[in-house]
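Below are structures written as structure tokens.
In what comes next, chain A is part of two complexes: it sits with chain B in the first one and with chain C in the second one.
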Partner chain A sequence: MVQTVDYLAIGPPLILALSALAALFLRHAAFVGLVLAGAGEVVLLTGGPRRTFCVDTSCSFVVDDFTLLLQTVMLIAGLVVLLMAQGEIRDTRLPAGEFHFLILAALSGAMTLAAGRDLVTLVVSLEVVSLPVFALVALRRYDGRSSEAGVKMFLVSVVSTAVMLFGISLVYGATGSLFLDRIGAVLATPSPLESVAGVGVVLVLAGFGFKVSAVPFHFWAPDTYQGSPVAVAGFLSVISKAAGFAGLVLVLVIAFEPFARVWGPLVAVLAAVSMTAGNLVALRQRTAIRLLAWSSIAQAGYMLAPLGAAGGGAPLDDLAAATIGYVAIYALMNIGVFATISVVGWIGRYGGGELDDYRGLARTHPLVAVALAFFLACLAGLPPGLAGLFAKIVVFQGTILGGYGWLAVIMAGNTVIGLFYYLAWATRLFAPLPDGVRFGRIARPVGVAIGIAAVGTAVMSVVPQLVLGISTGG
Partner chain B sequence: MTPTYYLLLSALLFTIGAVGVLVRRNAIVVFMCVELMLNAVNLTLVTFARINGSLDGQVMAFFVMVVAAAEVVVGLAIIMSIFRTRRTASVDDANLLKY
Partner chain C sequence: MSVLPVLLLAVPLIGCLAVLGMRRAAVLVGVLTTGITFAIAVAIAFAVDYTRPGTHLVTDAPWIPPLGIRFHLGVDGVSVPLVVLTALLCFLSMIYVARREGTPERPHSFVSLVLLTEVGMLGTFTALDLLLFFVFFEVVLVPMYALIAGWGGAGRGPAARQFILYTLLGSGVLLVGLLVIYGHTSTLDMVELAGRDGAGMSRAVQVIAFVLVAGGLAVKVPMWPLHTWLPDAHSEAPTVGSVLLAGVLLKMGTYGLVRIAVPVLPEGALAVAPFLGAFGVIGIVYAALACLAQRDLKRLIAFSSVGHMGFVLLGIATLTPAGMNAALFANIAHGLITGLLFFLAGGMAERFGSTDMDRIGGGTLAVTPRLSVLLIIAAVASFGLPGLAGFWGEMLAMLAAFDPAAGLNRPLYLVFMVVAGLGALLTAAYFLVMLRRVVQGTSPRRQGVLDVTPVEYLAWAPLVVLVFVVGLWPGLVLVPTVDAVRFYLGGL
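Presenting the complex of A and B:
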């Protein structure tokens, strides 16, 4: 049997992988690669869905609306990460070629993951996201904190991969296939191996729980964010998390749909615990980067909530669309916050600085301060941050649609807690400038990065229907 | 041949690995226990491939090996770098980052 390969469909991740190699030797290859991959994405956006690597009717690589949405958001976030890293690469003497190579390699893995429709592709691309990130986190070799952050993330991540793989092996044993759609078809019919498949489903869920840093699998996140370069923390919090959610949604909605009664309540509990613990601990944080780490744990809880309502019998596609819409909007607004703190961080002692260091930013850098306040309002879900508000509404809708009123109530309470710490940070920006404090000039690439994120988030505030309501499409 | 024994063996290996990850303190030993868990996964995959009469599981086992090898490369490098700065590979002594 001869396989024909649709090179246009696999184009964007392939271009990124090739330009990653070129970036080791050429200075601007990374940006050229991102632009070319973006052009490929535009071509794919204008055409219909494409499928490749098929066996009979099942395909391993599918480019549909779901894939395109996630890939586009990841590309934009990847561009922002690379731009905001430029200042940091220069100031902390990171090796530029290696940094670009690792970021692009991980990005190509994330983009493959959004298109993968069988378990082998999902696992391998998840590892392609994770492995370069370990190296990125530990890239400041002279800094003990950096290696410590790397080793913590590494050990947690490999254990979670092993647990997920064991779950996958059980699911394979019970169903005899690795394609998501075939697994879904086999699981829908009663069989004596149902309990084996059930254990496999729970183990796979636990493995993804680590990747999206949901409580109780979150311990690595705050330390890793703090110890790594700010741009890498942004990558972890946005692209790596979006990749984790892409895999989670694909596996749960396509393959494990018949088992929604098993995983639904578990995801609901994960969501409730994640948002509550994340928000409560974020209240007590004094450094920007740890606050963002805990807030991103809480946001993972909001994203899980609609999936948690799956046990109630609501159409899974609507719930998955709510989750993915939230992931897309969250990616844009959160990468904006990271781009902003990568500037301000240098006045503090380490990445991101303390929250009190942000006092008076609006006096000297009004545009940056307004952008940061806008991103924070979005994360809180408060006007004028309409993007975040729309995302929250969709998530609430999904949760209530599934008949999980209690989860919606917990979410409402958490939104209020979140409001407090996001706004407490935003008001500091407009406080009078303390004596003797000066903010330095902002490097041009970082300014561009903040601008891209701000434009993206503003567009989402005006036309959120671009990203809301897009599901896996079978 | 009874496939059940192979599945029992792999479950046992996975459990030994998981317990080792939880109780051992040296990063290298923790890492070796993870490798044990991955090998248990391989054994399960191959056994199920045999039971199901399909090759998918065996192919997946090869991918798991590649993933494990790549993890070793990156992981040992990171453990080396922490050892260079701290002169220890114990995960309990990694305490620079908190609060």
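Presenting the complex of A and C:
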């Protein structure tokens, strides 16, 4: 059987993969590749949905609104990561060519994942995201902590992949298909293998739990963030996580929809535990990067919450749209925080410095300080960070729609805990400048990176409908 | 589509952004902006025909379809007095800041934050969409936090943090409650929801939603025992911050109860109202006893707010039109009087270096006679001397408690009324004690302390005049609200 390939549909990830190779040798190839991929994305945005690699009516690679939204967000976040990394590459003597190659390779994996509609494509692209990241985390070869972080992440990731593959094999055995839509159709009919499929569903869920660093699968995250370059930590916390959620939503909503009563309550518990544990531990953190690591665990809890309400019988598409909307807005505001902390850079033993190192930033760099305060307000979900507020309202709506009032109340309590530490950080920015402290000049690429994230988040504050209400169906 | 409510929000917002780039002219621009906003508010007050039912000057446009939020603004007799009060207090605050000796450090940030607070407050009082109301409700938090944390007194850090965390907890619960309403009715339109009288929601749902909504708002009111953030925040805030906190922010809570909780969830209100009333009267007595023990003028005024808001809660808890009118009237009166009291406390602090009553040391009537007379007027107005603004709201609230809505336990409300009456007596007691300690007696010191300056007169006189006018002619506030309450809360 000869398949025709729709090259336009697979264009953006393909361009990224090719430019990754070129970036090994050419200095600006990475940015050229990103711009070309972005152009491809614009063309796709103007057209209708596209499907390719099809067998009968089931397709492995689909470009619909869901895919386009995630791909666009990932591209923007990837651009910000590359820009903010420029200063760090120079200051900490990272190999530039390898860095660009690895980032672009991982990014192309993430973009493919958002379009994948069968289990093998999802697993392979998830590994394409993970493998370069191991190397990126350990890229400061002279630093023992960097290698430790790389090994830790590698071990956890391999275990989670093994668990997920085992789950997939069970699901495949029970349903006889790898296409998400066919699995969904088969699972909807009663069969004696239901319990086998149920175990498979739970194992796949656990595997994704590692990828999105939900409690109790989160132990790798703080140490890995701290050991890796700041830009790589940003990549992990935004693009990796978005990819994980894309896969999770696709699998749960399309393939495992008939089992919503099985996985729904599990996801709800994961969500509640993640946000509570993440926030409580984040309260105790003194360094920027570890605080962000724990806060991103807590944020994963908010993103899981609407999916957790699936057990209540609410329309799954609405719940998935809530999760994806939150992921998109979170990606923009969180990458902004990482871009700003790369300004403070590598102070003492911590990338991004300690929270106390931010005292007085507003006195010398008012714009950067205001941007960081804005991003933190967004993460806390308080005006003027309207983007974050709308994201919170969306997940609250989804949770209550599913009839999970208790989860919404836990979430309300958690927003207060979250505000406590975001606020503690933001107020330090406006404190008087301690004697003898100087913040260096801001490199132009880093300034541009902060600007892109700030504009993106500001746009989300006014017209969040751009990313809200988009589900896997359309 | 009406321009006025949009302008009401747009003018301070533009001013808030424009001021950021200025240094010297910031305060002047602030005065101009708040002045124009006040003029718009007055224009709105005259543009509304209060005898016609429904909301007026409506602007309704879709904003974020996936969330269901509409940019839906409008006013009626319930909100107009509060809008005017807000704009007036912001304007007077700016005049007060414009004094040569009163200009704060970093004036552009200060003015910008005050204007942002004004946007949030005015938006809260004009929003007719549940989530839009919530958004504006939240807008106020961060600038007010920054005002306290950046320009407050010695203990400002913890006070500001306590304020924002406590109130955010309240708003989180409020959001859950609002979304429960949305989940069962599929609309966020307050007017439509109020017209339905709770149709589509079972009694259990209404009770749960009412507990969530009223519980969230009660933090802001603040209702005893959720009031513990208030004394610190009010006493540590800069003068202007205290004025706005006490004068306007607290009203956002009671306004939410009247606008959303009671009309949208009538059965829930019937079930929970006795608790609101009970907590209200406990608050009245508790605040009075706490005030008797205060040594600091600002803390005393702050605690007195808890008591006054207790009367407002009692009025709302009767679920009768008379009670609602009493509550709305007491809201306005408290805003005028307590705003004035905080201004005067700020003036005392500037002249005597402290708001501690022992450090002021008594006998101020001999040193600064005019300031002291103003303090006496504000204090006697606050404990409800007939003929001044404070009298009507509290008397009407007690009167309404004599005859609560059908379905409520009348003997219980009679107990409330008696306890509230005792509280009113205690209120008079602590204000008189305060006056004796501060104003009367012999001064241990100082000649040459400046009395009220012309600019201060400019900032304070409108409040003094209004305290008399509203006291002698309560119809000024009651006439618009009586009709609006009848139309809007027709189900009562």
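Here, the second predicted complex is superposed on the first by the 469 of 474 C-alpha atoms of A that agree within 3 Å, B and C clash if a C-alpha of one lies under 4 Å from a C-alpha of the other, contacts with A are read in each partner's own complex, and residues count from 1 in each chain.
Everything below uses one rule, namely that contacts are C-beta pairs under 8 Å (C-beta built on N, C-alpha and C of every residue); 3 or more make two chains touch, one makes a residue touch a chain.
This structure is a prediction, so every number in the text was calculated from the model and none was measured.
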Requested in this report: With the two complexes overlaid on their shared chain, look at chain A and say whether chain B and chain C clash or fit.
Outcome: fit
Query raised in the report: After superposition on the shared chain, which partner residues are touched by A:Leu382: those of chain B (first), chain C (second), both, or neither?
Result: second
Requested in this report: Considering only touches as defined above, state whether A:Leu401 meets chain B (first), chain C (second), both or neither.
Outcome: second
Requested in this report: For A:Thr415, decide between first (touching chain B), second (touching chain C), both and neither.
Outcome: second
Query raised in the report: Is A:Gln465 contacted by the first partner chain B, the second partner chain C, both or neither?
Result: second
Requested in this report: Tell me which partner A:Ser177 touches in the superposition: chain B (first), chain C (second), both or neither.
Outcome: first
Query raised in the report: Which angle, in steps of 10°, is spanned at chain A by chain B and chain C when each chain is reduced to its C-alpha centre?
Result: 140
Report task. Would you check which partner chain A:Phe390 touches, where first means chain B only, second means chain C only, and both and neither mean what they say? Result -> second
**Report entry** First, second, both or neither for A:Arg141, with chain B first and chain C second
**Finding:** first
Requested in this report: Mind working out whether A:Leu423 is in touch with chain B, chain C, both or neither, as first, second, both or neither?
Outcome: second
**Report entry** Overlay on shared chain A, then closest C-alpha pair between chain B and chain C (Å)
**Finding:** 25
Report task. Share the list of chain A residues that count as touching for chain B in one structure and for chain C in the other. Result -> none
Query - Residues of chain B touching chain A in the complex - result: 7, 14, 17-18, 21, 27, 30-31, 34, 37-38, 40-41, 44-45, 47-48, 51-52, 54, 56-57, 59-60, 63-64, 66-67, 70-71, 74-75, 77-79, 81-82, 85-86, 91, 94, 96-99
Report summary line: Within their complex, chain A touches chain B through residues 119-120, 123-124, 127, 131, 134-135, 138, 141, 144-145, 147-152, 154-155, 158-159, 161-163, 165-166, 168-170, 172-173, 176-178, 222-223, 226-227, 290
Report summary line: In their shared complex, chain C is touched by residues of chain A numbered 321, 325, 377, 382-384, 386, 389-390, 392-394, 396-397, 400-401, 405, 408-409, 411-413, 415-416, 419-420, 423, 427, 430, 463-465, 468-469
Query raised in the report: Once bound in the complex, which stretches of chain C touch chain A?
Result: 64-67, 116, 120, 131, 134-135, 138-139, 141-142, 145-146, 149-150, 157, 161, 164-165, 168-169, 172-173, 175-176, 179-180, 182-183, 208
